[in-house]
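Got a structure for you, written out below as structure tokens; questions coming shortly.
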Amino acid sequence: MVNVGIVGVTGYAGQELMRILSSHKMVNIVKITSKSYKGESFKNLYGNYSHLNYVCDEEDMEELSKLCDVIFLALPHGLASKKINKDILEKTKIIDLGADFRLKNVDVYEKWYTEHYSKDILKEAVYGLCEINREDIKGKRLIANPGCYTTCSILSLYPLVKEGVVDLNSIIIDAKSGVTGAGRGVGLSNNYCEVNESLKAYKIAKHRHTPEIEQELSLACGKDIVINFTPHLVPMDRGILATCYANLNGNYDYGQIKSIYEKYYGNEYFIRLMEKGEFPETKWVKGSNFVDIGFEIDKRTNRIIVIGAIDNLFKGAAGQAVQNMNLIFGFDEKMGLDYIPIFPA
Amino acid sequence: MVNVGIVGVTGYAGQELMRILSSHKMVNIVKITSKSYKGESFKNLYGNYSHLNYVCDEEDMEELSKLCDVIFLALPHGLASKKINKDILEKTKIIDLGADFRLKNVDVYEKWYTEHYSKDILKEAVYGLCEINREDIKGKRLIANPGCYTTCSILSLYPLVKEGVVDLNSIIIDAKSGVTGAGRGVGLSNNYCEVNESLKAYKIAKHRHTPEIEQELSLACGKDIVINFTPHLVPMDRGILATCYANLNGNYDYGQIKSIYEKYYGNEYFIRLMEKGEFPETKWVKGSNFVDIGFEIDKRTNRIIVIGAIDNLFKGAAGQAVQNMNLIFGFDEKMGLDYIPIFPA
Amino acid sequence: MVNVGIVGVTGYAGQELMRILSSHKMVNIVKITSKSYKGESFKNLYGNYSHLNYVCDEEDMEELSKLCDVIFLALPHGLASKKINKDILEKTKIIDLGADFRLKNVDVYEKWYTEHYSKDILKEAVYGLCEINREDIKGKRLIANPGCYTTCSILSLYPLVKEGVVDLNSIIIDAKSGVTGAGRGVGLSNNYCEVNESLKAYKIAKHRHTPEIEQELSLACGKDIVINFTPHLVPMDRGILATCYANLNGNYDYGQIKSIYEKYYGNEYFIRLMEKGEFPETKWVKGSNFVDIGFEIDKRTNRIIVIGAIDNLFKGAAGQAVQNMNLIFGFDEKMGLDYIPIFPA
Amino acid sequence: MVNVGIVGVTGYAGQELMRILSSHKMVNIVKITSKSYKGESFKNLYGNYSHLNYVCDEEDMEELSKLCDVIFLALPHGLASKKINKDILEKTKIIDLGADFRLKNVDVYEKWYTEHYSKDILKEAVYGLCEINREDIKGKRLIANPGCYTTCSILSLYPLVKEGVVDLNSIIIDAKSGVTGAGRGVGLSNNYCEVNESLKAYKIAKHRHTPEIEQELSLACGKDIVINFTPHLVPMDRGILATCYANLNGNYDYGQIKSIYEKYYGNEYFIRLMEKGEFPETKWVKGSNFVDIGFEIDKRTNRIIVIGAIDNLFKGAAGQAVQNMNLIFGFDEKMGLDYIPIFPA
């Protein structure tokens, strides 16, 4: 059994972590914390827990690091880098669901985000995209859990970039997310009547997941890649669909590309490659850790269109964090994560 | 381990059964059947199963009864009563999610539904509302799994009727359901654009769950009760909310009524009684077997308003069916059912 | 042409007023005002107006009363009674969309709402439910525009109460509203992910529209009526459905009751009586001033179930306000209001 | 006054035509027809018309052409080309909302659609994209009303292509539509619970609006353009958002591109160009004929991202058809179309 703490439990990702970890047979949740809701019953914040008696504690990293084998951080960016340091890492493992340890280049981080407060430990952070960095994650003590859009985008494109079959200057990702991606914060733009029955793009050419995708795809191919990434807000609770475009470098047919995907993902339990002519829909992954990937080649333009789908709160956040925990502690990677997607829901 | 068969697996309730039973540690799904989709891969019907290899078999009750310790029937009304008989019941247990064995009075059944084809076994059917008929269910071989509206309505009102605190002639149930309650059938009235952003009542004074509620409430108090039941269709996937009205027989205060609910449900794991001033919302029970119940007394009219909420596909169908299976076979009643509701979803 | 001012234009009802009045051929909008957004372009608040150049002015009632033939107030309760007085009413007409002048009994107002600041003019206010108080509205200078739930509830029940065919102690109204009814305020309970895919009742036995319904139904029959009113929040933008229950005083059949409805509403353009077996759906009135009413008699309980549907922002607020304006100034009552409901939308 | 007929009035686009034309002050609707619902009251098909008494007549083109100054066809593709011919065109004007007369090249039509039955009149059809082909439309007798996706896509990209500022080989259109785009047909894929809370791409590299966009953009620049077009289904009723990507041919800044858009659209009433940093949302055009267009330049990739939004049933179908009618008959182009978008809805 591992003793687990959650910092920032009251956001949607934190709550999803609670839900998943509560059913994980090797986990003992010893403390959940919240800065804003210290002392509050968790059931008062989330009525789905009304049969359980969790209480939000103070965010005391020192105490948590003594009590816990692993601490999950589910915080707005800029906070994790203040909260952890070498001392903490000597005592416990950290899985950070935020962005603070994802970008290896501090300058890039500070350009897109804010000041970084623990540069000294940044280089030991492992980017926790399990299907790609699995071996590197095992046993590590600081995991940067990938972003939601990035998980979906990178996994959709990785084999193509790695194998060099696409023009690296041609990559465009048109991504769409459900509203949980915006978090539980209060504001007019999150109001039901403002979101419902409408669709918009946002943060065009400015979204912070852009450098994260670029970093990992660049690492895959050994060259610096610059991409276009456009997120959209879709009137639904959960789900991300990434529609990715790239020019093929040669005259590939469907079977050849499919073989490339199978080479990388054929044995990946949580990646489901679609059959020819079939494409992901977010409903088929909801409430699960699955990543569904399908593609089509447009012979007219010699472009490939790859489509990936995930549940942004599950594989895109809490589920992948638990997958990382399983890898760190040597558990079966699927443990506590093997849900059939819930439908209709 | 019990060997399980599912007949009519391709509807929403059948699929939810699959999802729940797949994770039940004492269950071995030996056969799933469908009349319309015989030979079809289940994953072709439900993309959430694309990592699994279930195939729909023929509906052969004879064979199923040999292979299975228990068979779940998820069929339109009128079919189950044709499919099962004493011979079948000698060989296996039946949990029928349809209406054919719910009404003890054949005349009432035939008035509200259609001809009944197995009257001889009707009287051994147990009405599988677990929290009320628990002891009667254990070990039985024919369980009539309650309807979705009825589960929510009966559980909301049972303690009041049983204890005689309300005027039995005054009961009105105004119920609202998500669209999964209409099943996976195809028709204009099920089309997205016809249901979305609208609300309607339907089958007013004619809905077939009416006599089922009346039967169980009448049994509770020993008198014949006639009620009003009005279902509504709400633009959401899952969830039932029943708003129940009744005149109080005397001058009761909140605490007195709360004590009555606690007397009956205080130890029921799947029933969560709300605190004073709090009321159920369907989101807090989604994807779970919970029934949330809250109430208010209106001193101005001396009427009580009781509100119950369930997930219609879970506690209102597949979850309760599995709960019945647990009771029949002597498993822990919560086995395979103890999900924290999924939110937001 | 009448010169019109709008006070509190930035809420959903205020904006709907703008939309309707902009197309009204006898109206000249001379000033729109907002306390919070003084000086702001209206298009910055509502992107649907991006081709128009309205600016929010200061709320200066003195100036408005000089410029305008009629002022619409769309304010939270308690503000209108501070803003208007006899002097204002000497200079202009007032149509108040809020609650301050709806209740004729100040004590009832102050019990359910807050202190009333212009009791002296309260008694000259006319309750602007056009189909019922038409003659009384014409030419008046202070109109209390009815609430959304109340418009739907009163019109659904009025003929039955007026004609004495129902037991006045038996009236229960189970009402359901889309989310625009909650206004454009910001708060967790208005967030998309908290409202979407869920259903709840709220303010049970406490909603402020209760005494308003009671007042008007009591006036209809000359006796004091006490009712139950339970509002629910439905995941959709617009629409109210009121499901009303009452015990019939005798043995009425459908035709007899239908005749009563036709007696009162047969010539009402904006009230559409449904045929036998048909019932209102909110989608059929969206974006219009129509009130759809249907009913059923349950012979088993001798109860009548009446269902009414309106668009809460249109007939339930802005549309009815304009209908009142048309009556005051002697325009065709339908002027600027004769929209076919928009569908699907 | 013009006498108008509608053929195929029972689909969503036909019904929207009815709604718009009913309020058009120069229109007299003389006949509405439906093959499937001949003799049926229109109100039985669409409850929003329950106060009106339209009846669906037989589709008799001969008779219609005598009675009507203009006939709108709202039919599945392949039917219009069978129904009209030179004789018909001698007697009346035709505005075809379907695809049969949009593609000038019969081979392209027959490759993407089906056999064409009136090739002889194809070349006199004018592509009715009003903002671009205005002068050509006036007085004509056969108008091919553009598709929904195409209207939004072409208008978004036209100035860039016309002025040669983008690489013609680099155009990618990632489009998203509400569910009314799928029509009122019945089928599992249109069912509420299959569409709600999910997102998918469909007809990838195969959608029939592709050659239509290519034709018009090719005409704009005088070169053959091949593009990628990927449609997505979004869980909402109305609205199309097109996110368009293209490589810039040089080093343009925002102001330069904005000037180009203003050159073409600065005086277009129905095209609303967004300010810098603002982008279209489908909610701001709902129920209106407006096209909202915004863009951003990504300096990192030197790509432009243009976003367009329309109401697919209004500007994308019925509204534009009426705009074409206004042009044909010399009415004010905005007549009967100048609606402020309805919000929230």
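The chains carry the letters A, B, C and D, assigned in the order they are written, with residues numbered from 1 in each.
One rule holds for everything that comes next: a residue touches a chain if its C-beta (ideal position, glycine included) is under 8 Å from a C-beta of that chain, and two chains touch if they have at least 3 such contacts.
Since the structure is predicted, the reported quantities are computational estimates derived from the model, not experimental observations.
Novice: Show which chains lie in contact with chain A and also with chain B.
Specialist: Touching chain A and chain B alike, sorted by label: C, D.
Novice: Need the most distant chain from chain B, centre defined as the mean of C-alpha atoms.
Specialist: D
Novice: If you tally contacting C-beta pairs, which comes out ahead, A-D or A-C? Let me know.
Specialist: A-D
Novice: Approximately how many whole Å separate the CA-defined centres of chain C and chain D?
Specialist: Chain C and chain D have C-alpha centres separated by 37 Å.
Novice: Mind checking the centre-to-centre distance between chain A and chain C? Centres are C-alpha means, answer in whole Å.
Specialist: Chain centres of chain A and chain C, defined by C-alpha means, are spaced 47 Å apart.
Novice: With chain centres defined as C-alpha means, what is the inter-centre distance between chain A and chain D in Å?
Specialist: 39
Novice: Name the residues of chain A that each touch 2 or more other chains.
Specialist: In chain A, the residues touching two or more other chains are 12, 179-180, 193-194, 196-197, 235-238, 281, 283, 286, 344-345.
Novice: Which of the residues in chain A come into contact with chain B in the complex?
Specialist: The contact residues of chain A facing chain B are 12, 15, 18-19, 22-23, 46-52, 179-180, 197, 237-238, 269, 272, 274, 281, 283-288, 290, 292, 338-345.
Novice: Touching chain A in the complex: which residues of chain C?
Specialist: 12, 179-180, 184, 186-188, 190-197, 235-237, 345
Novice: Can you list the residues on chain B that touch chain C in the complex?
Specialist: So the residues of chain B in touch with chain C come to 169, 172, 174, 176, 178, 193-194, 196-202, 204-205, 226-228, 230, 232, 234-239, 241, 243, 245, 279-283, 286, 296-298, 300-301, 303, 305, 307, 309, 344-345.
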